[in-house]
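After this come two complexes, each holding subunit A, first together with subunit B and then together with subunit C.
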Partner chain A sequence: MAGYILKRLISAVPVLFGISIIVFVIMAMIPGDPATAILGSYATPENVEKLNRDLGLDKPMVQRYFIWLGNMLQGEFGRSFSLNRDVLDEVLDRFGATLILAGTAFVLCALLGIAAGVVSAARQYGLADKAITFAVLLGISIPSFFLGMMMILIFAVKLRWFPVSGMWPIYGARDLPALASHLTLPALALAVVATGVIARLSRSAMLEVLRQDFIRTARAKGVHERAVIWRHALRAAMVSIIPVLGVQAGFVLSGAVYIEIVFQWPGVGRMLVDAILKRDILLVQGGVVFVAACYVLFNIVVDVAQSMLDPRIKT
Partner chain B sequence: MTLLKLTRRAMLAAGAATALALSPLAVSAQTPSDVLIVGQIAEPKALDPAAVTAVNDFRILMNVYVGLVPYKDGTLEVEPSLATSWDISEDGTVYTFSLREGVTFHDGSAFDAAAVKFNFDRMLDETHPYHNTGPFPLAFFFSAVQEVEVVDEMTVKFTLNAPYAPFLSNLAYPTGLIVSPAAVEQHGADFGRNPSGTGPFKFAEWRSNEAVVVEANAGYWDGAPALQAVVFRPITDANTRTAEMLAGGIDLMVEVPPVALSEFQDDSYTVHEQAGPHVWFLILNAKEGPFADKRVRQAANYAINKAAIVNDVLEGTAEVAAGPTPPAFAWAYNESLEPYPYDPEKAKALIAEAGAEGAELTFYVTEGGSGMLDPIAMGTAIQADLAAVGFDVKIETYEWNTFLGEVNPGLEGKADMAEMAWMTNDPDTLPFLALRTNAWPDKGGFNSGYYSNPEVDSLLEAARAATDQGERAKLYQEMQAIVQEDAPWVFVANWKQNAVTSDRVEGFSLQPSFFLLLDDVVKK
Partner chain C sequence: MKSFLPLLARNRLALGGLIVMGLVVLLALATPLLPLADPDVTNTAIRFKAPFSDGALLGTDHLGRDLASRLLWGTRLSLAVGFAAAVIAATLGAAIGIAAGFYGGRTDNIIMRGVDMLMAFPYILLALAIVAALGPGLMNALIAVAAVNIPFFARNIRGITVGIAHKEFVDAARLSGMTNARIILTEVLPNVLPVIVIAMSTTVGWMILETAGLSFLGLGSQPPQADLGSMLGEARAALISNPHTSVVPGAMILIIVMAINLLGDGGRDALDPRLKSGALSRPMPATRVQRSGPVPAAGGETLLALRGLKTQFHVKDRIYKAVGGVDLQVNSGECLGIIGESGSGKSVTALSVMGLVASPPGVITGGAVHYKGEDLIGAPYEKLRALRGNRIAYIFQDPLATLHPLYTVGDQLIEAVRAHHPFGKTEARAHAIDLLKSVRIPNAEQRVTSYPHELSGGMRQRIGIAMALANDPEVIIADEPTTALDVTVQAQILSLLDDLRRERGLAIIFITHDFGVVSQLCDRVAVMFAVPDCRRGAGRNHPDGTRPSLYRAADGLRSRTWAGAARTGGDPGSAAGGRQSAPGMRLCGPLP
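Now for the complex of A and B:
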């Protein structure tokens, strides 16, 4: 097992190198440079050249790449041009905020989606099934940013149940209830689409299981229907639901970008969008490499966990 | 079995959590009185006036720092402040300022001539020990400064390498705000997060991506402000900013999108408007193609329905521009100029005279960018107006930074016309950088359409060298009349900056400089 983990970690190194090269080259190739972005209307060739020199962008590309890489290997991600702040500090702050948002949304969509799918399957073609199917299709069809804006309009502007935007109150305690009230709308808006997908797939997984012999046996034995559904059938169906959850986790994380913009959530997605528009090279590069490293690590952990649980997967 | 139990328990917990979350826990509390919450458009880069370039950051800085000679309330003319008086030498190259006594920075250190010298040397002298706290992208505003000398404790002398009339206006710009040398020495490159000035508010707290908080400076030499504190919240998305204003999460909102203005028509809000030193125009390629002919350039000015653009596309958030200089520069503006009227028939006649009927034009349009208002919708309206007089206009759209990279080096061989907008602090800046023959792109200027008129060149050189404001005004007015007639640009719009305040806010007004001054604001 230790050998397997080591092997996977070593194989991650070239992946991260590749990512660092790709993001560096993309940032170097896209039109528009940071000096022009900073100077705006005052970007005379002379001013641009001087500012590029001050920012250390006048060196050849290859040299700049290795300086950046060398610094990064020592944990120095550099300083953001647009925020005048250490890149790693900013990325860690922002990534934490994204994890809270996406994590909550993921838990919500997993629980609600599976529950809706199971109920739908248990009452196939019944009223509950039809109602859930309708709600689910509606949820899948609404773009999350539009849903977010509508939620702001109804629950924050009209009813004033929740704050419009942000993660913490400007005044008052920064405690769990304060966070929960700021988190509710964005997390729900983010969870809706994934909830729908999970509900649809849970429903079909459940229907397949419910047609199998062991379910008939359980019912014939006189097991209570509720136990048949939730204990016997769901357990078997989870085998095909869990991979769907994995895929949806990725969608929730990437979908967070729109929600972060609409709800002014201080997450890493919005940070990257701002940084790209401002040509904040170091912040984009550092952010992408950091997120990619987390993603690679997460995948390794999942694979290792799976191989521990399922002996059929060879290590 | 374990999995099942876990799931069921988890579902219960989730149900409880959802119910808890959905209950109206925190009905967004009313904002506290005497604390003004401002909805800004972005997170500031730094609170170091020498290091930043964005109006967004200036809105905070103008309340924390004061300069030697700021703009007088409601104008673009300078008045005494940290400098109580000044004297300009005959030849316009030596400026001597007497400084205000008894002023201290927020960190307790004293304001004196040495502090002024430190500020300018830090920006301009590459050997200064704190030059590395930059970069200072707008330091070129003071590139005419040869030397700053401390005459005595309260007198400072600037020597310029040539007469440069916009010098005082540039001192009024945020780049000229005076920072505390002691704080720079203490914090070095982190000064931008630990600012210290002499303004009505002093820095209290910066929570990244949440808020910048400034508190009243009780010892402010011009009288302590009425507010206890101001909170600047970055809210990038304009719709979200509007929603925050409607929900009471902010008291003052800047840059209200034109379509959202109708939300604020009732008595609980006040909409503020103020025309600023802004001009939105089309650069015409006067070097080649149909616009090399003055008649075709004038025809474009007649053909475009500017009133429809400012009223319909921009919902009245701008006024029709008459010439290259915005009317906000009241002292230098030529009142006799009338905008080109909308007259497609006259345009057609001029085009026929020049033999340019049915010409194909390439039009550079940007997607956004500072001061560009609603560039795609405006570009489309312009395309339609030009099509109505027989031009075949092909639009090419670029993202802002890419757009600048295409337009600033000049339009030759690429395009016939391009959108552009400028916001400046002196009537000298834009024409000097974008209309002179010596400002063609290959000479390092922004004259991307290659306009050239020796008369305009000499008027602008003379205005820069003159020190008397009345004399400068005459030269600028003459220049405006010539440029309007030559039509190197299509003069489209002057933007009116807007803001909304709630009915709890009193004493607020916008400045033509587009800065936000909050020392006289009261909140109930």
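Now for the complex of A and C:
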């Protein structure tokens, strides 16, 4: 198992490398000349040239890429001009909040989605199946930012069950209950779309598995139908559900950007949008590289989980 | 394609989606012609007017602009941008995919590596990075959304192209001296186009949602121009005081995306042949029972007796009669062979006993299964479950498919025991090892922790037998347990079953189409025939002449055709009166 994890980690290196190239290329697309931007349009050509030399911008593209990459690997993501703060520090601070939000939503959508899919498949064409299918359709069609706004309106403003926005109360203790009450609405709103997708996929994966011969064997053994569904069929269906969980984690992370804006959640997504609007390119770049790298590592975790679940995968 | 539209029409939800989408597109196209207020004229004196007020059907927004007008213009813009993004992504993605798939080799490798890299990003990070580089704006948001979706198209289209690039007509075009560019345009592209169009239509909704999302974040359309996303984004500030300004554009996005999703689902269902045939239904815990006519009474003290058993498959409005009235019986210590050609209903007969025929489509329509005088057909699930594997156990063919691939054989054996006996885990484990020993598996202690795929075919079959023996059943129904095995292993398994029968006084029903096996193991044999024509009451093909689907339980080896087949070593099916045997089941027309 340790060997397999190591192998997957090594295979992630080229992917991380590729991600860095893509980000570098995108950032190189930025129109205009940084030196002119810094010195203003009245700068003399000599000064521009000197600054370009000082910034290393006169070097060839490939060399610049490796300098850039080397800096990043040493944790030097640059300094955000809008916050006057080290980019990595800011990203790390914000990433914790995103992780709490997206992590909770991910756990929610995985549990709810799989449960809904299993029930739906076990009761195919029954009332529960129809109700779940309809709810799933609604869930995958509603934009998460609109859903979040409506949830604020109903559960925070009208019913006053939860706070309207933010991660912590302005006054009062920053403890777990406070976090939980602030987290409920955004995590739910974020989970809805992925729950729908996972439910749909789990349903079809379960239907596929329930027709297999080994299900008939389980029934022939006299295993109770509950165990046939949840132990035999679900275990086999998980093999095709887990990879989708990995993909959906990416969508949850993406959706977090909208939810963080709607609920004023102090995460990376909101930071990125603010940074784009303020043209704070270094902050955007740092956030994108960091989160993308984390996502790649998360997918390794998914692969490892998959190999632990399926003994047929050679580890 | 001809049957596609009626099918789509039959799917009412999809039709609803089509109608709604048609209306929305029509409204969007007609927007410039409608008598609407100018969407960009501000009048703060009448800001936040409620819906259905004078002069403003849907009210006004925070700058006093007419919401109905802005909604329609915004819808128009959102649809256009989403559609444009889909077309751009599809075109570029298809070009990349075709190039990779057509040229193959190193080109393919490099392109697909790049695509994999792009797909390693959560999509919004890539979109945000692009917008960050190009600057906020509707055009740039469109480019970002299109770019993010290119890998999806490239990967899909590449797969299709690889298949086409190796077809004969492409080789022929190459041999005729056409240039690669011409082959791609005239031979490959026409074949890939339908896939591109379908993939595009399923992603349009997604693209609309994504561009609306970027606009919502303030990175897409810039004021005063507004698509649905930026309308929602601007309304957010007044969410609590004037929710209608948010609800109007939000509901519109919901309606559009839902209509497209319904349409997409309907289209997918209409194109999926498995759904039409009902092959996607899951089998219920027990076969459906729908008996008409009198239920045969139990007679005598037989252990297991089938009386007039009829099982059918109901697929849509067709009925396939699999078993048409079978009588069988078996007593303790006795081995009954059931032999017959493929499709004569042997397996279905066997599975009907414990209600294990997949249902839907299976339905037991008549007869009775008496176990110790008690009818099991239509018995409550809990009663069937208590008997399954406990008193009446099955051994199936092909144990690679019939054993759960992800549990160790030990776990599966332990489960078989614990389904009926409240054994502790260690106790059950010891019992499992004993069971493995009783079917002569070497190193039983180690084998307990093996997964089915780690064992040989003969070994797996023994596991299947051990599982059937787990609860010391009275009847074992073995459905072609040796068919997949080579002759040596087959002989070992047969002698094992024979020993077990003698030791434990088991009743065995042994299903096979191999006559040699029957003569080696069985006391009596029943023969089943597949009858191509099954008009009611017209049993033409059997000397007995009374029943269409036939079996004959005979003392010794009585049936002439089968005996003949055994002697000549030929296929019994072809010996049975020289008929063409109908494969599978027989079609018997619509339900009465």
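Rule of thumb we're sticking to: the second predicted complex is superposed on the first by the 219 of 315 C-alpha atoms of A that agree within 3 Å, B and C clash if a C-alpha of one lies under 4 Å from a C-alpha of the other, contacts with A are read in each partner's own complex, and residues count from 1 in each chain.
Basically, contacts are C-beta pairs under 8 Å (C-beta built on N, C-alpha and C of every residue); 3 or more make two chains touch, one makes a residue touch a chain.
Keep in mind the model is a prediction, meaning the values are calculated, not measured.
Novice: Is A:Val291 touching the first partner subunit B, the second partner subunit C, both, or neither of them?
Specialist: So A:Val291 only meets subunit C here.
Novice: Considering only the touch criterion stated at the top, classify A:Arg235 as touching first (subunit B), second (subunit C), both, or neither.
Specialist: Both: A:Arg235 reaches subunit B and subunit C.
Novice: Once the structures are superposed on A, label A:Thr184 by its partner contacts, choosing first (subunit B), second (subunit C), both or neither.
Specialist: first
Novice: Under the stated touch criterion, which partner chain does A:Val157 make contact with: subunit B (first), subunit C (second), both, or neither?
Specialist: Once the two structures are laid over each other on A, A:Val157 reaches both partners.
Novice: One more residue to check, A:His224. First (subunit B), second (subunit C), both or neither?
Specialist: second
Novice: Who does A:Ile261 touch here: subunit B (first), subunit C (second), both, or neither?
Specialist: both
Novice: I'd like to know which partner A:Met149 touches here: subunit B for first, subunit C for second, both or neither.
Specialist: It touches subunit B and subunit C both.
Novice: Can you list the residues of subunit A that meet both subunit B and subunit C?
Specialist: Common interface on subunit A, subunit B vs subunit C: 30-31, 149, 152-153, 157, 164, 235, 261-262, 277, 279.
Novice: For a test of understanding, state which residues of subunit C touch subunit A in their complex under the given definition.
Specialist: 113-114, 116-118, 120-126, 128-136, 205, 209, 212-213, 216-219, 232, 236, 239-240, 243, 246-247, 250, 253-254, 257-258, 261-262, 265, 280-283, 285, 351, 354, 356, 358, 381, 385-390, 393-394, 396, 398, 401-407, 415-416, 419-420, 451, 453, 467, 470-471
Novice: Where on subunit A is subunit C touching in the complex?
Specialist: So the residues of subunit A touching subunit C come out as 14-15, 18-19, 21-23, 26-27, 29-31, 121-122, 124-125, 137-138, 140-143, 145-146, 149-150, 152-153, 157, 164, 204, 206-207, 210-225, 227-228, 232, 235-236, 239, 250-251, 253-255, 257-258, 261-262, 269, 272-273, 275-277, 279, 281, 284-285, 288, 291-292, 295-296, 299, 309-312.
Novice: Under the touch definition given earlier, write down the residues of subunit A that touch subunit B in their complex.
Specialist: 30-33, 35-47, 51, 54-55, 79, 81-85, 90, 93-94, 107-108, 111-112, 114-115, 149, 152-153, 156-157, 159-172, 177-178, 180-181, 183-184, 230-231, 234-235, 238, 261-264, 266, 270, 274, 277, 279
Novice: In their complex, what parts of subunit B are in touch with subunit A?
Specialist: Within the complex, subunit B contacts subunit A at residues 1, 3-4, 7-8, 10-11, 14, 18, 20-22, 24-29, 31-32, 35, 37, 42-43, 45-46, 48, 51, 53, 134-135, 137-138, 140, 189, 192-193, 207-211, 231, 233-237, 239-240, 243-244, 246-249, 369-371, 399-402, 404-406, 408-409, 421-423, 433, 441, 444-446.
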